[in-house]
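Same chain, two partners: subunit A is paired with subunit B first, then with subunit C.
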Partner chain A sequence: MTAPFLEVENLHVHFAGRSRLFRSAMPTVKAVNGISFAIEPHRTFGLVGESGSGKSTVARAVLQLTDVTAGTIRLDGADVTRVPREAELAFRKRVQAVLQDPYSSLNQVHQVRTIVGDGITRHFGIKPGPEREQRILALLDEVGLAGEFLDRYPYEMSGGQRQRVSIARALAVEPGLIIADEATSALDVSIQSQVINVLRRVQADTGVAFLFIGHDLDVVRHVSDDVGVMYLGYLVEQGGADGVYDLPAHPYTEMLIASVPVPDPAAQAERRALRQTFKKDTEPPSPSDLPVGCPFANRCPVAMDICTELMPEATAARHGGHVRCHLHTSGPVLAGESVVPYIRSASTAR
Partner chain B sequence: MSDASTAVAVSAPQPVQAARARSGFWMRLFRNPLTVAAAVWVTLLLLAWLWPGLLAPHDPYAGDVTLTRTFEGPSWDHWLGTDGQGRDLYSRVVFGARFAVNSILIAMVVAIGLGVPLGLFSGWRGGRADRVVMWVNDVLFSLPIVLLAMAVIIILEPSLPSAMLGVGIAMATRFVRLTRAVTLAEKEELYVDAARITGLSPPAILRRYITPNLLPSLIVQVAIISGAVILIGATLSFLGIGAKLDDPDWGVMLARARFDFRLEGIWQIVPAGGALVLTVLAFNLLGDGIRDSLGRDAASSSLTVPRKVALPPVVQLHASGAVLSIRDLAVGFPAPGGMVNRVLSDVSLEVFPGETLGVVGESGSGKSMTMLAALGLTPAPGYLSQGSVSFDGREVTFLPEQEWQEIRGRDIGMIFQEPVAALNPALRVGRQLMQSLLVHTDMSKSQARARAAELLAEVQVPDPERRLDQYPHEFSGGMAQRVGIAMALACEPKLLIADEPTTALDVTVQGQTLDLMAEVQQRHGMAVILITHDLGVIADAADRVLVMYAGQVVETASVSTLFSRPRHPYTRALLDTMPQSHRGHGDLPVIGGVVPSAAAWPDGCRFAPRCEFATDQCRTSVPLLEAVGTDLVRCVRHAEFEFGPHAETSA
Partner chain C sequence: MARYIGIRLLAMIPLLFAIAVISFAIAVAMEARGSIAGSVCGEGATIECIAQVERQLGLDDPMPIRFVRWLASAATGDLGTSLTNQSVSVSSLIADRIGATLSIVAYSLVIGVAVGMAMGIVSAVRPGGVADRALSVASAALIAAPGFVLAMLLSWWLAVEWGWLSPAGYTRPSESITGWIRSITLPAIGLALPTVALVQRQLRSSMTNALQSRYVLAARARGIRRTSLIGEHALPNAMIPTVTAIGFRAAAALGLTFTVEVVFNINGMGTLLTNAIQTRNVTVLQGSMLVVGIVVLVVNLLVDISYGLLNPKVRLER
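Then we have the complex of A and B:
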C-alpha cells in the first residue's frame, strides 16, 4: 500500500462566535468535531452529508482558508496544520481546489488564458508567452476544451465549461491533491456526468488524489474509492464506497441513500417507502448546541434510551470501515452489519 | 469522452454575442441624447483646457487700456461682452476651463490616491484596522468640505491647488466608503478563495481581481464627484480663498460681478455662471449615463419589442376537463439586428385535476418560460407570438393583467426554487400568509390568522403559532419551502405549479418536501405541474411526463412508459447519464455538447447535433409531434428504435 498523500487526524474546527455589534460572547459553532481520514495518490475520498454538516469546513481547513482548532493535517508525511507564510507558496503548489459555484468561482474580468495561466506564472515562473500558451492549451485539451476558449470570459461559457476551466486551473500547478467541493452539484445531470468523466481521466493521467465533496451519495459513490458520511461535524460512518453504499451500518447513511430518487418508478417506490420511515418534521440540532448523545437521535427512527445519553464510539463495520452508532455497540447488537433490514422490520412492526 | 469534447468545441456561438455586449456599451451610452450633449460639453472643456488659445480670440488677462469698452454686452468683437477692465468675457470663460479641469485633476488625484488604497486595505483586512480606518473616515466625512479646504489653506497658503488638496481629502472619504464596500462584497466571492488557492498574494489579488470589479462604480463616482469639485472650487474662489482675483476663474468672475459695484457688472454672472452650471450638469448626466449603460440588464432594454398580435381564440382545440391547457404556444425575444429568437415553439400540454404532470429537461430548455408565458408573465422584452391557453375551461391567452392577478393569486398556487428568497424578508411569515387570504377572500384579520396557523400545521411546520411571528431568515430552506407550499395552498387553488421546488434543498429535505406535496395533493385533489431537471424526482412524483429540449416538447408519456420504453433519443440519453443508472465506477455515458442557445438552434431536429442516430432526414425537415397511442414524440426515426429500460452497465 502506498503512503497516503493527505492525512487528516482528529480534526476539530470551531468558530468562536463573537457578535460584531455587541462585542458579547456568542455560543461557539462546532463545525467539525474530530474527524480522521487519509487519501493515497490515485485515489478519491468522498465526503457526503447534508448542508451544514461541516464538509466545506473540512475542505477550507485543509486549504488553509480557515484556522484549525485541534488535530493534525499532514501532506506527504509533513505537518501542514498551520503553514507559515513563507511556506505558503510551496503548499499552494501541492493542494488545489475546484469550488462549487461555477459562476462565482471564476473572476468575470479575466479571460481563460489568465485564469489558467496565473498559476503557471506564479509557480513555475513562466511569463506570458508562447511557452505558457502551449501549457495552457495542453491543460484545456486535458479537460476537453478547444483552443478557442483561451480568449473566452467566464460569462461567455456554460456552467459545465466553467467547471472544466476550474479543473484546468487546478491542474496548472501540477498538484498532488485536488479538493472538489460540490464541484458538480450546480450542474445539469448530463453536464455533471461530463465533468465527472473529466475528473476520472485527469486522475488516471496524473495520479492526483481527490477529496470529492457532495450531498448526493449516488454521485459520491460513483467517483470515490472510499467515502465518509458526515453529520453535524462527526464522521458517523466511513469505509469503501461500495461497501458503505451496499451495507450501510448507520441509520443516517441509510436515510441519505433512501433520499436520492432513482430514475425508475418501481425502484423509486421502494426508496420512497424507506425514506418515509424517517421522521419528517425534525431538523438537525444546531452546531452551536450539540446534544450529549448521538447527534442523529432526534431524527433516528430506531433511537434507544442510551442514544440521548452517550455519544457512540466508532466500531468496526462489516464493510471494512467503521460506524458510530449504538446499534452496533449496545442495544440490539448488529455488529457492523447493514442497518437496512433492521430499519425495515422496525418500521413495519410499528 | 473525445467526441464529447469536440462537440463542446463546435457548439458555442457565444463569442460574437460577447463582442456585441462590449460594443453595446457605447451604443447604449450614446443612445440618450442628453448623455451625448454632456459628452460634447466635457470634450469642449478638455479642448479648452489643452489649447485655450484655439477657442479664445483674446488674451484673458489683457483688458482695454483705454477703459472705454468696459461692461459691454455681447457684440461682434466680444461675443459675450466685456468685464470692468474691458477684458473679453468669452475668452475668460474659455480660459476658466483651465482652472476647472486643474481643480478636478488635483482633487481627484488626491481623492483616488488616498481613498482607493485605504478602502481596499480596510475592506480586505477587516477587524481592528477596518474599524480604525472607518472611524477616522466617518469623522472626516461628516465635516463640511469647505471647512477641510480652509484648514489646508491655513496650513499651506491660500491658492487654488491647496484648496483643492483639501477638497481632495474630503472627497477621499467618499472613495474609501465605495472601495471598502466593493472590497467587502468581492472578498466573499469564491473566485477570491480560488485566487488564494492558486497562490496569489493579497496585493496581487487586490490589484488584479478586485480593482477591475471596482472600476465601473469608480468611473461613475468620478464623473459625479467631478461636478461637485468644480462647484466647490468656484465657491472657494468666490469667497476669495481659491483662485487669485485677477484669474479668469469662473468663481472669481462670479465674485467680480458682486465686487464691481456696478449694475452693468451683473451681466458677468451669465457667462461664468452658465459655464459652471453646464459643466456640473454635464458631469452628472455623464455619470448617470454610464451607470445606466453598465448593467447587464441594460443590454436587453435597448431592443424593440414588436406589437402583440392578437389571435382568434381557438377554444375547440382544448381538451375538455383540463385545468390548464396550452396549445401551440410560441414566445419570441427580440434579438440584435431585428432578429427574433423563438425561445419556445409549438408547446402544447394539458393537466387534469388530481394529476401531476412532470416537466423535465436541461436548463435552458424552456420549462420555466412555458409556465410564465402561459400565466401571462412573459418577461419583457419577450412576447407571446402564437398559441392559445385555457384555464379551467376559460380562454385566457390575452387576459388583461388585472384579471390575471385575481386568477393567479387564488386559483393557481406557485412554488419556487429558492424558498427563502421567494419570501419577503421584511415581513413576518404570518403576515405574508394572511395577505393573500385577505385579498382573495372576505375573511377578517383574526380569521385569516387562524387559517394561517392551520396552513402551517397542515404543511407540518412544528409549533405553528410561534412560527407565524418569525421572519423568513429564521427558517431553514426546508421549512421555508413548507411555508411556500402553505402560501400556495392558502386559497385552495385548482392548480399548483412547482418550479424546481427541491433543487436548492438537501436530498433528505427534498424527499420530505416531495412527500408533503403528494399528501397535500391527495387531500385537495388539485392538478400539479412539477418542473425539474432531475428524472429521479419525476420517477418519484409524476403521473405523466413532458420532456422538453431547446424550446420544444420532444416526448410525452405516462411515467411508467417513459422509463420503461423511452422513445426519443434525448430522453434515452438523459436517463443514461444519471449516475444512479450505473453500479460501477467506470466512465458515465454523456450527451456531448450543451443545449445550444436559442440563436443557434438548427433548422431540422434541434437535438440532431448531439444525437447519435442523426441522419440527413433529421437535418432537413422539422419533425412534428407524432402520436404513438396517446404518447407523442418528436423524432422522425422513433419507429426504428426499441429502447428498453436503461441497462445496468458496470465497469
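Then we have the complex of A and C:
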C-alpha cells in the first residue's frame, strides 16, 4: 500500500461561542470531535452524514480555512495542522476544493478564462497570454468543456457546466488532494453522474486523491473507495465503501441506507418498514450541548441504558473497518457483525 | 456593450420629451397666476403695453403651438430671453451659472465616493471590529447632521483661521485654477458628507456579503492574495448595488446644491432657479429646469454605463 497523501488524526474543531453584546460566555459548539482517516493517492475517501454532522467543518479544517482545536493533519507525511503564513501559498497549491453550490461558488463578474486562469497565474507565475490560454484549454478539455467556454460568464452556463468549471479551477494548480464538498448535491441525477465520471477520469489521469463529502450514501459509495459515516462530529463507522454499505454495523448507517429509495418495490417496502423503526421526528442533540453518552442514543431504535451513559469506543467491524456502538460490546454483543438482522428482529418483536 | 449604451441612449429620448413637457407645464402654471406681460411692463402697466407684449412674445397663441415653438428653439440652443432683462438670453444666463454648480456636484461626488468606498472597504474587511464600529458611528453622525452645517463648522478652521480655502464666493477656473479649487472645496465637502455615509453603509453591507460568499472562499482556498480577494473578487460584485445608490445620490446632490449655494454665497443654478421663481421669470425657469433635467439624465446614463461595465449579466442580456 502506498503512503497516504492526507492523514487526519484525532481532529477536533470547536467554535467558541461569545456574545458580543453581553460579553457573556456562550456554549462552545463542538463541530468535530476526534475523527481520524487517511487517503492515499489515486483513492477517494467518502464522508457521509446529515447536514450539521460536521462534514463541511472537516473540509474547512483540512483546507486551512478554519482553526483546528486539537489533532493533527499531515500532507505527504508533513504536519500541516497550522500552516505558517510564509508556507501558505505552497500549501494552497497542494489542496484544492470543489464546493457545493455551482451558482454561488463561481464569481459572476469573471469569465471562465479568469476563473480557471487566476490560479495558474498565482501558482505558476504564468501571466495572461497564449501560454496560460493553452493551459486553460487543456483543463477545460479534461473536464469535457469546449474552448468556446473561455469567454462565458457563470450565468451563461448550466449547473453541470459550472461544476465542471469548478473542477477545472481546482485542477489548474495541479493539487495532490481535491476536497469535493457536496460537489454534486445540487445537480440533477443525470448531471450528477456526468460530473462524477469527470471526477473519476481526472483521478485516473492525475492520480489526485479525493475527499468526497455528501449526504447521499448511494452517491458517496458509488465514488468512494473508503467511507466514513459522521454523526454530530463523530465518525461512527468507517471502512471499505462496499463493506459499510452491505454490512452496516452502526444503526445510524443503516438509517442512512434505509432513507435512500430503491427501484425494487419489495426492497423498497422493506426499507420503508425499517425506516418506521427510527425515531425520525426526534431532533439530534445540539453540537453546543452534546450528551455524555452516544449522540445517536435518542434516535436509536435499539438504544440500551449504557448508550446514554458512555460514549462507545471504536471496535473492529466485520467489513474490516471500525464502528463506535455499544451493541458490539454490550447487550447483544454483535462483535462487528452487521446490525441489520438485529434491528429487523428487534422491530418485528415490538 | 456598444449595443447596451445605444439602447440606453434611445431610452433617453422619451424621458427628454417628458422633461420638456414638465418644465414647460410648470412654467405655464405659474404664468396663469401672474401675467408674464404684466411683469415685463412693470408696475402701472397699461392694457396696451400688456397686449403688445403678449403679441410680441406669442403668448396669445394656443398652448400646444407655444410648446412646439419653445421646444423647437430650445433644440437649437435658444431658450428665449430673460423676462426681467430682455437684453440677456436665458442660455447665456445658464452658461454663466452652470459651471459653478456642476463643478461643486462633480467634486463632491469624487470626494464622497472615494472616501465612502475607502471607509466601506475598511469596515467590511473586519465587520464588528474597532475600525468598523468607529466608521459606522461616523456615518450615522453624518447622516444625522446636514452636510452644509458641518461644512460651515469646517470653514471656521480651514478658511477663516488658517486661510487655506475661501469661505464664500466662486472663482472661475478661467481666472485662477487654485482659486477655483479653493472656492469649491468647502461647498463640495458639505455636499459630499452625506454621500460618504451612504456609500460607506451600502458598500459595507454588500462587501461583507461578498467576502463571505463561496466564490471568495474558493479563491481563498486557491491561495489568491488578500488584496486581490478584496479588490478583484469581492469589490466588483459589491459595487453593483453601490453604483445604484451613488446614482440616486448624484441626482439628490444636484437638488441640494441650492442650500449649499446659499450658505457659501455662490451664484449657481440653484440661485438662478430660486430667483426665477421669486420674480416669476418664466423663460429662465423653463430653461433652467430643462437643463437641470438633462444633467440628471446624463448622470443616470453614466450610472447605467458603469452598471453595465460591472455586471456582465446586465451588459449582455439587454
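Operating definition for what follows: the second predicted complex is superposed on the first by the 346 of 350 C-alpha atoms of A that agree within 3 Å, B and C clash if a C-alpha of one lies under 4 Å from a C-alpha of the other, contacts with A are read in each partner's own complex, and residues count from 1 in each chain.
In this section, contacts are C-beta pairs under 8 Å (C-beta built on N, C-alpha and C of every residue); 3 or more make two chains touch, one makes a residue touch a chain.
All values derive from a computational prediction rather than experimental measurement.
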{"item": "Clash-or-fit label for the pair subunit B, subunit C on subunit A", "value": "clash"}
{"item": "Touching partner for A:50 - first (subunit B), second (subunit C), both, neither", "value": "first"}
{"item": "Which superposed partner A:344 touches (first subunit B, second subunit C, both, neither)", "value": "neither"}
{"item": "Which of subunit B and subunit C A:194 touches, first, second, both or neither", "value": "first"}
{"item": "Subunit B versus subunit C as contact partner of A:161, first or second or both or neither", "value": "first"}
{"item": "Subunit B versus subunit C as contact partner of A:108, first or second or both or neither", "value": "both"}
{"item": "Which superposed partner A:255 touches (first subunit B, second subunit C, both, neither)", "value": "first"}
{"item": "Which superposed partner A:215 touches (first subunit B, second subunit C, both, neither)", "value": "first"}
{"item": "Contacts of A:42 with subunit B and subunit C, given as first, second, both or neither", "value": "neither"}
{"item": "Colliding stretch - subunit B into subunit C, listed as 2-10, 146-154, 488-496 or 542-550", "value": "146-154"}
{"item": "Residues of subunit A contacting subunit B in one complex and subunit C in the other", "value": "63, 65, 88-89, 92-93, 95-97, 99-101, 104-110, 118-119, 122-123, 153, 155-156, 166, 169, 173"}
{"item": "Touching residues (chain side subunit A, partner subunit C) in the complex", "value": "20, 63, 65, 88-89, 91-93, 95-97, 99-101, 104-111, 118-119, 122-123, 153, 155-156, 166, 169, 173"}
{"item": "Touch list for subunit B against partner subunit A, complex", "value": "1-2, 4-6, 8-9, 12, 14-15, 17-18, 189-191, 193-200, 208-209, 212-213, 362-363, 460-462, 476-479, 506-512, 514-516, 533-540, 559-560, 563, 573-575, 577-582, 585, 587-591, 594, 645-646"}
{"item": "Touching residues (chain side subunit A, partner subunit B) in the complex", "value": "50-51, 63, 65, 88-89, 92-93, 95-97, 99-101, 104-110, 118-119, 122-123, 144-146, 148-149, 151-153, 155-161, 166, 169-170, 173, 188-194, 196-198, 200-201, 215-219, 221-223, 241, 255-256, 258-265, 267-268, 272, 275-276, 278, 280-283"}
{"item": "Sites on subunit C touched by subunit A in the complex", "value": "128, 213-215, 217-225, 228, 233, 236-237, 310-313, 316"}
